[in-house]
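I have a structure I would like to understand better, so I am pasting it below and will then ask my questions one at a time.
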Amino acid sequence: MEQVREGSVDVDAALSRLRHMPFEDLGFAKIDHHRALRHGMPEVIFGVGKTPDQIATIAGRLLENAKNVLITRADPATAEFVIAQIPAAEYFPASRAIRIWGDRILHGKGKIAVVCAGTSDIPVAEEAQITAEVMGNQVETIYDIGIAGIHRLMSNRARLIEARVIVVCAGMEGALPSVVGGLVSCPVIAVPTSVGYGASFHGLAALLGMLNSCASNVTVVNIDNGFGAGYVASLINRA
Amino acid sequence: MEQVREGSVDVDAALSRLRHMPFEDLGFAKIDHHRALRHGMPEVIFGVGKTPDQIATIAGRLLENAKNVLITRADPATAEFVIAQIPAAEYFPASRAIRIWGDRILHGKGKIAVVCAGTSDIPVAEEAQITAEVMGNQVETIYDIGIAGIHRLMSNRARLIEARVIVVCAGMEGALPSVVGGLVSCPVIAVPTSVGYGASFHGLAALLGMLNSCASNVTVVNIDNGFGAGYVASLINRA
Amino acid sequence: MEQVREGSVDVDAALSRLRHMPFEDLGFAKIDHHRALRHGMPEVIFGVGKTPDQIATIAGRLLENAKNVLITRADPATAEFVIAQIPAAEYFPASRAIRIWGDRILHGKGKIAVVCAGTSDIPVAEEAQITAEVMGNQVETIYDIGIAGIHRLMSNRARLIEARVIVVCAGMEGALPSVVGGLVSCPVIAVPTSVGYGASFHGLAALLGMLNSCASNVTVVNIDNGFGAGYVASLINRA
Amino acid sequence: MEQVREGSVDVDAALSRLRHMPFEDLGFAKIDHHRALRHGMPEVIFGVGKTPDQIATIAGRLLENAKNVLITRADPATAEFVIAQIPAAEYFPASRAIRIWGDRILHGKGKIAVVCAGTSDIPVAEEAQITAEVMGNQVETIYDIGIAGIHRLMSNRARLIEARVIVVCAGMEGALPSVVGGLVSCPVIAVPTSVGYGASFHGLAALLGMLNSCASNVTVVNIDNGFGAGYVASLINRA
Amino acid sequence: MEQVREGSVDVDAALSRLRHMPFEDLGFAKIDHHRALRHGMPEVIFGVGKTPDQIATIAGRLLENAKNVLITRADPATAEFVIAQIPAAEYFPASRAIRIWGDRILHGKGKIAVVCAGTSDIPVAEEAQITAEVMGNQVETIYDIGIAGIHRLMSNRARLIEARVIVVCAGMEGALPSVVGGLVSCPVIAVPTSVGYGASFHGLAALLGMLNSCASNVTVVNIDNGFGAGYVASLINRA
Amino acid sequence: MEQVREGSVDVDAALSRLRHMPFEDLGFAKIDHHRALRHGMPEVIFGVGKTPDQIATIAGRLLENAKNVLITRADPATAEFVIAQIPAAEYFPASRAIRIWGDRILHGKGKIAVVCAGTSDIPVAEEAQITAEVMGNQVETIYDIGIAGIHRLMSNRARLIEARVIVVCAGMEGALPSVVGGLVSCPVIAVPTSVGYGASFHGLAALLGMLNSCASNVTVVNIDNGFGAGYVASLINRA
Amino acid sequence: MEQVREGSVDVDAALSRLRHMPFEDLGFAKIDHHRALRHGMPEVIFGVGKTPDQIATIAGRLLENAKNVLITRADPATAEFVIAQIPAAEYFPASRAIRIWGDRILHGKGKIAVVCAGTSDIPVAEEAQITAEVMGNQVETIYDIGIAGIHRLMSNRARLIEARVIVVCAGMEGALPSVVGGLVSCPVIAVPTSVGYGASFHGLAALLGMLNSCASNVTVVNIDNGFGAGYVASLINRA
Amino acid sequence: MEQVREGSVDVDAALSRLRHMPFEDLGFAKIDHHRALRHGMPEVIFGVGKTPDQIATIAGRLLENAKNVLITRADPATAEFVIAQIPAAEYFPASRAIRIWGDRILHGKGKIAVVCAGTSDIPVAEEAQITAEVMGNQVETIYDIGIAGIHRLMSNRARLIEARVIVVCAGMEGALPSVVGGLVSCPVIAVPTSVGYGASFHGLAALLGMLNSCASNVTVVNIDNGFGAGYVASLINRA
């Protein structure tokens, strides 16, 4: 960095070099401070399988270099613990996400629409929304427009067409992404949810439906992976 | 039957008794001449796993008591063999059905619509159509109105609303029955087809999608079972 | 509606127009007051994934336009909460359904039989029964007539033959719909239940059995979906 | 054996010793001449994955010590080759079995009934029949008595009750063993067949159905394993 | 029965007639007092999905006609409730069975061996043992002889060969029935157990292994179905 | 359109209106000439389940309004037939695609990289490449850089980082998208291929692997769906 | 043993004889004191499905002949109970293992590396580590080097190349063993973990990925089977 | 290399450097001449999905640097084509392998045993054998010792105990590796084969069985992957 200041190394070269630098080793985890730099994105902690203390420690370290941190799948106890240590943190009970959102500059070039089929799909949609927001996007949410009431969907058509990329969350038969995909020209990211019972097999039916979508502009992420959908939508919207 | 003629047994009683009478034993098959009577329906031969000669023999016996016989899943060689012996038989290559349709009285009280999502689903839809026709129904077919082009579906809405029962055939994600089900008030019989590839798993994706339909008026039959759908649609339309 | 009163628009046209009108947006749900009108059916709330408060709110709004409301899969706490606010509501613990049944006019043209194979299948059967009743049908229940004791089934044959449509609930091998289907001429709606253990795989064995039924008059709904079966049975019985 | 003749070793001890003696090694197979002795049963060659020459060689060796040999799943070319070398061999094209039946003494203490649901299940039933016969049993076959025509089954009830053990072959939903099991008191061996299409998944639906049978006297063998069913039925009938 | 006493109807005819007589209807269950007669077996109540009160009521009614009653899969609370009302009842916590064993006459003609692979399979094996005993059999148990320690199995060979029928319970890879089947000439009933983790998929691995057994004398029952295995073993041992 | 010329309707409004206009009905297919307009994309014909004549007819109609047509999954006979009628068509035997590429204007704003793991994945990768090219993109292909030889991948790192979106095709364990996703900041579209044997289950292993990718920038399409991946990559690159 | 002391039997012969000697029968378990001798390995108790008392009893008996005992999958209550009786026992809460490690002689000829992809995989990795240590190996652990951050993996390359055998634990897509396998020449034992959600299906995705590894030096054990991997790694390292 | 000759770089350093050098790019494949060096192993070509010409070209290039080349899964036509160009090549029709074996130095420190359960498993076993041989091992094959004839297995016990590592191939229930694993102390590599029918599901039953082996010394490779098993066995035997 000194070299950059002196001008003997230019910024591009320095950034390129940083992308290959190592990471900080906490013992139970290797923290990669350059991930944010490398992806130009906030740091993300997957909350499952980590203790509140581990999560707070990692988040604290990350905040030394980053302004935006997202913690996914955190239970209320973890949220309470983290907020006690990092007052700027905000908890979203439906999606179980904790967000520290210090830098609110918009990076996205258009709007991201986050759509869900039924009320029960809202937690997954919310995770996508929170992710896209913390990554600098304007997000529009359209909830409860399942395909069995097609007029509810059609009456939101204009808002869908305006979006630059759309995240569609649906459980049960998971058909909403196909219908939305047929209405718009932009990329659609489909998120199967585990909403349903019996032969939904915890989201498998929705997942298979989305993978077999007859709309060509649909790609798919893992069951209940609202975070991944919001993340890729943000990448596309930045392009 | 003599008793009926004499009046000592009334017709209802006789019919009731017939319903419990035995069957003709051909050795390789037990022919139940009263099935037609019992169900008030034509006789049906499932063509798979029977030789052309067996099929022709069974059909011949059945025609002694019935005017309408339907043979499903017959290959062209079988069709040729049967038509040589029963010139009234007609072959439908797409659905591989053979139909002998002597009695064309209408029994259905309304129209049955047979709908399919894509061109590749036509063979299954045709099997449903042929079945419903031979059972005395007026059938309207609406093909290639998959959900990714929702305006093709919407422009056929009036015809759908007119139907008394609708058969919907779809492969891939199998979402068409849900959308159709949301547009109409009548029962919808969903037929998953094996059209697709990869994660369609030979129709499993469509089957699961239909079983998880968010439209309450949808029931499901086996993959590629156009016959079953046409059969039940006919029963409903007769009611 | 003014136009209807004035006579400048006739009732059919008005109804037709209403069918395309939008819906009330509660934020977490879009309430479609015209669904009842469109389907000529009571409103239904799927209870899973909604808070007692949400359910009571939706039910309250619906009751402004409808006399019959059915809430499925509600736990006892929800039931208590709803009944406190809507005293006319009635709770059925076995099937976990809440029913508000203000309009008891019969719409069905015949009887619906609801049959189950074993004592453990009763909750699913009860959901079908309650649904069919609230939709204006006379329902006859025949419980515990599994196929391993075929004489118990045969001794109920007369009651089965009288029905205009039959709902058959069965877990384990799920064979009862095939046997019933062979005894009657009317449509049979098969409901696989999750009753069983080991290789029943939570109802999968029964589901596959029913989809492969050798009786032509059988269609299938999702595992444990007593509601869906009762709903379609009602549609058929109204036809 | 000399010792037996001399009396220094008694017969029981000799037989016991023989049961632990080694086998003949043909390189590609280890022939166990004592299996027949050990099980008191004919030798069986599983035809799949062996050349006609290998099969004929093994059969030839076995016939040096045994009078009854059964070859399962042999194609017509193999049958022709084997019969050319062993004129006493007989081929059954439906079940693709070759049988050399030199010793026709009856060992079974009662009758074995072999039942199948539909015409397409006959090949599997025939394999069971041939196996049971060559193992010294009187076999009664009852074909085409599927459960959708319950009166065909009921009219054969007397013959079923007479049997000491029953083999039931069925594809599709595989429900026949449960119904038969409920009618009789003897053991029922259920054989799922791969007959069916779509959600039968090559016999999986029938297999799961049979494993979940609500009749307590039913056990199950592999899909299409008529041989295994005939074999165990013979063991039971000998007891 | 009067006719039997008078001699106008002989006992066989009377018994035959009784076998077709109806059942007692408790509302929630149809009790078939003649099942014991029909099968010559004790009455069995499947405990899952029934309240303690229902179970005690059914058991009480059955004991008016039967001396032996078996209740499977009963939790401790149910056991306590039943024993309070029927002091003769005995509870087996490992297998969760309740047994009333008034008539201890032996009906079996030989010994039944009940074998299990590991300590964790004992509950399933115990269910088989209790069932076989209450049906009048002498039962020998051989536990913890899994195939990875083949000498433990081989050292029990003599006891295995003495048995007239063997029940083999095994989880994980489920290979014990094949090895036992190769050592003996009698029928082997294989019970897959849900013991294992990961790719055992709750007993599926063991189930598939047993269905594909290379030993010809093996048949299979449902996962953890010790009762079914004991039941069929008893039927075979009575023959 | 007259109105547009006259200026009474502006272009945006006209385009918007066109997007809702109906389609041409060929009987076996409904051709939507406005799809190209709506999506700003070439027309695509899915070749499976259509006769050469049907394909050529549809292609001919489409070429009246479009300059670029892509036919996927066409066998050589179809290709020959189509090329005979449309000499501008070009056939790609590996991916079985036919391409008519009249308008070669670049629409993409950057490069699309198409990567595959092994030689056997090339057909799927080629389908993605051809699709992306006909949609106006500069495409760079990098083949045979599977993860077991990580240095082959690392030596192509610079080319990967330059891409604006990357399509990654892989069979077997399907891990390449995760590794590539970790190296770059742009969106990665993962295509599982059916390359493999045994427990690859025709691409299921690769599909599941990709859905569970630990790299956040990965979305997934159906097995062997190179077309879909190329299509969405083009949409993203146009943004 | 006396004979060995006297010299009339040499040690090899004695050991060979001991390998076939029987076992101690505790009723609920058969203890094989010679297993340690036979395998030259410590005794292992699989904790699931055994009571604390049973475990402590077995461990006590084993310690009469062995110095090293490993108890896997023990809950904290069991650990407390065992440690109260065997103070030398040590509990590892993450992997739920109890270890008695009296004999710490090194048997391994090189180092075993135990690697895991993410923090959540540590419990499984720890089980492998503890197992390998108690079997006399020097173990090096390298945690949190998942493939999406390939530079973290590459920076540990030297440590990987030094190992004589490597255990790699990974959930989600399970791709780490393939990448590690490509970097080294030694055997890699892959352990799929149940870490993940949705389409990971409790470790199935990772398991399938590892079975389809494109690296030739990879073999696989059951999901979460850290013990098995550590065991086989020890056998290889001893060779 | 010059530097090595001059002594300015020592051999270890040179080898280490070579391990990171790039590869030859043939367009359709990237040939890694250093793989042999890196692994100290022969080059291997996976034959599926490559043309005879491609295979011969790759083999030719590899032989410029290597003496031993193995081509797996090659059909007879490919074999003929390759042998025409490389006369030293030898074809094994059962396993469909082509082997060029110029350097026959033994690298293994002990014997590798290759075992299979039935005659139909021989092709997979042969692939393992050929692989192990070309990698410099003494291989002993023991065929047709399936577990249903345990004495055939036991009589080969001495040969098994002598081996330093054992490859066990088995289809159907796949139990042989567990039994062999219990008899020996060395590592056992289990290869499930696709031999079987019905519920073997093309090797899935055997695969699951092996993954759940109760013997601790067993690891598993993909279905029919004889090559992989032979490869890892060789690595272990070299250690």
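Residue numbering begins at 1 within each chain, and the chains themselves are lettered A, B, C, D, E, F, G and H in the order written.
Criterion: a contact is a pair of C-beta atoms (placed from the backbone, for glycine too) under 8 Å apart; a residue touches a chain by one contact, two chains touch by 3 or more.
Values in this document were obtained by computation on a predicted structure and should not be read as measured data.
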> A-F versus A-B: which has more C-beta pairs touching?
Replying inline: A-B
> Which one of the chains is farthest from chain E, going by Cα centres?
Replying inline: F
> Which chain's centre, taken as the mean of its Cα atoms, is farthest from the centre of chain B?
Replying inline: G
>> Same residues or different residues where chain D meets chain H? The copies count as same if more than half of the interface numbers are shared.
In response: different
>> What's the distance between the Cα centroids of chain B and chain E, rounded to whole Å?
In response: 44
> Which integer distance in Å separates the CA centroid of chain C from that of chain H?
Replying inline: 59
> If you average the Cα atoms of chain B and of chain F to get two centres, how far apart are those centres in Å?
Replying inline: 38
>> What's the distance between the Cα centroids of chain E and chain G, rounded to whole Å?
In response: 38
> What are the residues of chain D that contact at least two other chains?
Replying inline: 149, 198-200, 204, 207, 211-212, 216, 222-223
> Among the chains present, which pairs are found to touch?
Replying inline: A-B, A-C, A-F, A-G, B-C, B-D, B-F, C-D, C-E, D-E, D-H, E-G, E-H, F-G, F-H, G-H
>> Can you tell me which positions in chain D touch chain H when the two form their complex?
In response: 20, 22-23, 27-30, 32, 35, 48-50, 54, 192, 194, 202-204, 207, 222-225
>> For a test of understanding, state which residues of chain B touch chain F in their complex under the given definition.
In response: 118-120, 122, 143-145, 149, 151-152, 155, 195, 197-200
> Once bound in the complex, which stretches of chain E touch chain H?
Replying inline: 117-118, 146-150, 154, 172-175, 178-179, 181-183, 196, 198-201, 204-206, 208-216
> Contact residues on chain G for chain H in the complex?
Replying inline: 38-41, 44, 109-110, 164-165, 185-187, 189, 207, 211-212, 216-223, 227-229, 231-232, 235-237, 239
